[in-house]
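Chain lettering (A, B and C) follows the sequence in which the chains are written, and residue indices restart at 1 in each chain.
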Amino acid sequence: MTEALLELEDVEARYGQVKALHGVTLEVAEGEIVAVLGANGAGKTTTLRAISGLVSREGGIRFAGKSIARRSPEATTRLGIAHVPEGRGTLSGLSVRENLRLGAYVRRDRAGVREDEGRVLGYFPWLEDRADQRAGTLSGGEQQMLALARALMLRPRLLLLDEPSLGLAPKVVAEIFRIVAELNEREGLTVLVVEQNANLALEASSRAYVLEVGRVALSGSSPELRRDESVRRSYLGY
Amino acid sequence: MRRVLGIAVPLLAAAAAVGVFLLVPHLVSDFHSRDLAEAGVFFIAIVGLNLLTGYTGQISLGHGALMAIGGYTTAALVVHEHWRDVWTIPLAGIAAGIVGFLIGIPALRLSGLYLALATFAFAVAMPSLLKKFSGLTGGSQGLSFLESSPFQVTGLKGTVTVFGHTTTANHFLYYLTWGIGLVGLAIAWLIVRGRFGRAFRAIRDSEAAAASAGVNLPLYKTLAFALSGVYAGVAGSLFAIQSEIVNPLSFTVLLSILIVVGAVVGGLGSLPGLVLGALFIKYLPSLAGHVSTRPGAPDFIYGAAIILVVILLPGGAGGLLGRLFAPLTTWLYTRR
Amino acid sequence: MLLAFDWSQLAQQTVIGLSSGALWALLALAIVLIYRSTGVVNFAQGEMAMLSTFVAWSLVHHGFSFWEAFFATVALSFCGGVGIERAVIRPVERAPVLTIVIVTLGLVFVVDGIARWGWTAETKSLPNAFSTRPIQIAGVAFSIQDLGNIAVSIGLVLLIGVLFRYTKLGLALRAAAINPQESRLLGVRVSWMIAIGWGLAAALGAVAGMLTAPALASFDQNLMQPVLLYALAGAVLGGLESPVGAVVGSLLLGVFVNLVGTYVDWVGNDLRLPVALAVILGVLLIKPAGLFGRTAVRRV
């Protein structure tokens, strides 16, 4: 059995005195799209932050077999984990081009970066026209796509996507998920996506975990979970 | 039982404070009484600043200038109008309070660092302003009580008789300053516990939330400035009375900085530690001088001490005291 | 009337004003750099520059030429700035503004203390950076030193501008200042970027000090105190958020203060500083964001 690309084992995380994760265990294999579902406050965003190192955490976190439980966010990025945070994380004072450049900040292979710039613009051609525009003036959907493009500039092994649909119109969200699916198919990009919109997330992913109050309550293949009674009632609305 | 204790403990603390206040001059030398009186001046200014910065969150680096207003009001009244020095104290407080209020109005438009800069500029400008209006202020020479109005100075003859008790001038200054200081502290405590205090704290924590809860922001913010000005004015007045002379260099921006440091070290947003803040800024320079008299060493030690205290004790002495007494206060005041 | 007006005097005083303003601009730029990355005004910037100037003096005293000492001091000051940030600012990076302000105020004493301990209080002088000969341009006499100050200052500002706009490091520095958390997710070592910002600011201050000192016959530990105030005024005038503003504001202030000092007798030489302070107060009362700053929309 191949080793998973990302493994979380009994991970706990806290904000100051408040514990947000009470022991989360999950794994993501290379080439998969895995979704993390749950209500507000269930700990979905915290899980991604625990992986990146933005929040104090305990427990086993392994990436490509090596522990990253002690690594800072700057260091996890250097391992090839791209984290698109909740709210996009656009550097609004900088231009679109500068945002993209920062995506490749940790990379040293100039030729590779140029190649990727071409590829990324292939997925988001409109970015070229807006290259010198201030990123803060883009619409929400455009900023989300910029964030995705920026993440791709890292040539990441793992993409952490936090609530991509937040605050966006359905058409835009559909487009984003379509591009994510394409990236996964064409380039084998591994994705861990946190989503409140369970419908979307289950459609886009092959496996999913449902978090409740900082713990994994359910897990399984996405089609299975879609058919599951409790999931349907609590998260899918029917 | 706990309810009785809950009321008794603060009263006991207050009684202890008064007791210490009365006893100290008998335990220390005359010279030290004078030093403590000077610390008392800082204390009063710090209590006032704390009301402004600790409770409404407005940073002022200009309270030394407000002290100047108080000091010069006293000096002008004594020297030009031949008032008795101690009777000028209330007027000095009011004068500085009015200026504080006037500063508070434009301060409404500024926040955080910008307010700090504006008050900083005011403090730096004050000595030049004092020199310029020399008719009233005596210019760079300043105003000297002893030269112009020796008989208006209470401590002149070396002993002072009040209500039939005779003490030395230094002890008198100590009692006068710390007496006013304790009264000022009590008033501040009452303000903080009451409606004003709640409004102030609401403003400090979130102006937007306070405003939407109906707190009249401009009123309370300017009131806080005025109030802290009154304290600064009284402090400045007492400073003038102690020194028997004022000149522009008595009130440089350094004084403003010292008051802020004292308030932060004492603990912003709480009252118990402020005495320690006053003692800190009064005694640290001489302590630093004791460690080493090489030029520059006292400054270095002084600055390093300030930095260390602020880094290690973010809540100041008050915060530390709060943490130490937390178990007791929790036990006294929590319902179970 | 127009013919009787002394245009050459106006031109000379304007250049003199620009020259002072140019040096204030370097310190103002330092202040803005730190303000943008740390959110705080470093009240110790002037004293740090003063200490650098004394270091330069010692190097000259030991036989180095002015320019050799100059570059060495700039490098040393950069390291010093980084060191100060790591040692004293990093522990309070996340503390409220007032706490960090007090730390910088404490630094004023510490740095002042070091300067008074390491060097005597006797006045000293630095050799001139540029020749003191006057130069004739269009029949009007100007000082080479003034023109030199302006040239160095503008050159340095442009260099810093290029660093920030066109290099990877500059991009990282800007990102770290704008949005620290997101920048960390992109791999930017934000903490070190802040330290580098302090280093650059210290280097700028050093240049300001080393060019200010020769213009005076002699200097002592009080050298940079007025300069700090003028620099603060220039930075506030231009807008604390804006590096361009800091420079332009300081240049304008330099010309303004000098012309007012020359032509308005009541101000003369004593009230120049209060004029600068009045500018600070005036700007803060009318448009706190300054000439180039954006009026911040308060998010409720």
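A few notes on this one:
The definition used in the following text is that contacts are C-beta pairs under 8 Å (C-beta built on N, C-alpha and C of every residue); 3 or more make two chains touch, one makes a residue touch a chain.
No experiment lies behind these values; they were computed from the predicted model shown.
Chain pair with the most C-beta contact pairs: B-C. Chain-level centrality, scored on Cα centres against the all-protein Cα centre, points to C.
Note on chain placement: the centre of chain B and the centre of chain C lie 34 Å apart, centres being C-alpha means. Centre-to-centre separation between chain A and chain C, using Cα means, comes to 44 Å. In this assembly, the C-alpha centroid of chain A lies 54 Å from the C-alpha centroid of chain B. Across the complex, chain A meets chain C through its residues 52, 54, 72-74, 77-78, 83, 85, 89-94, 98, 101-103, 105-106, 150. Taken together, the chain C residues at the contact with chain B in this complex read 35, 39-41, 88, 91-92, 95, 97-99, 101-103, 105-118, 120-121, 229, 232-233, 236, 240, 270-271, 273-274, 277-278, 280-281, 284-285, 288, 300. The touching residues of chain B, when paired with chain C in their complex, are 53, 59, 106, 109-110, 112-114, 116-118, 120-122, 124-125, 128-129, 132, 208, 257, 260-261, 264, 268, 294-307, 310-311, 314.
By the touch rule above, chain C contacts chain A in their complex via residues 168, 171-172, 174-175, 178-179, 181-190.
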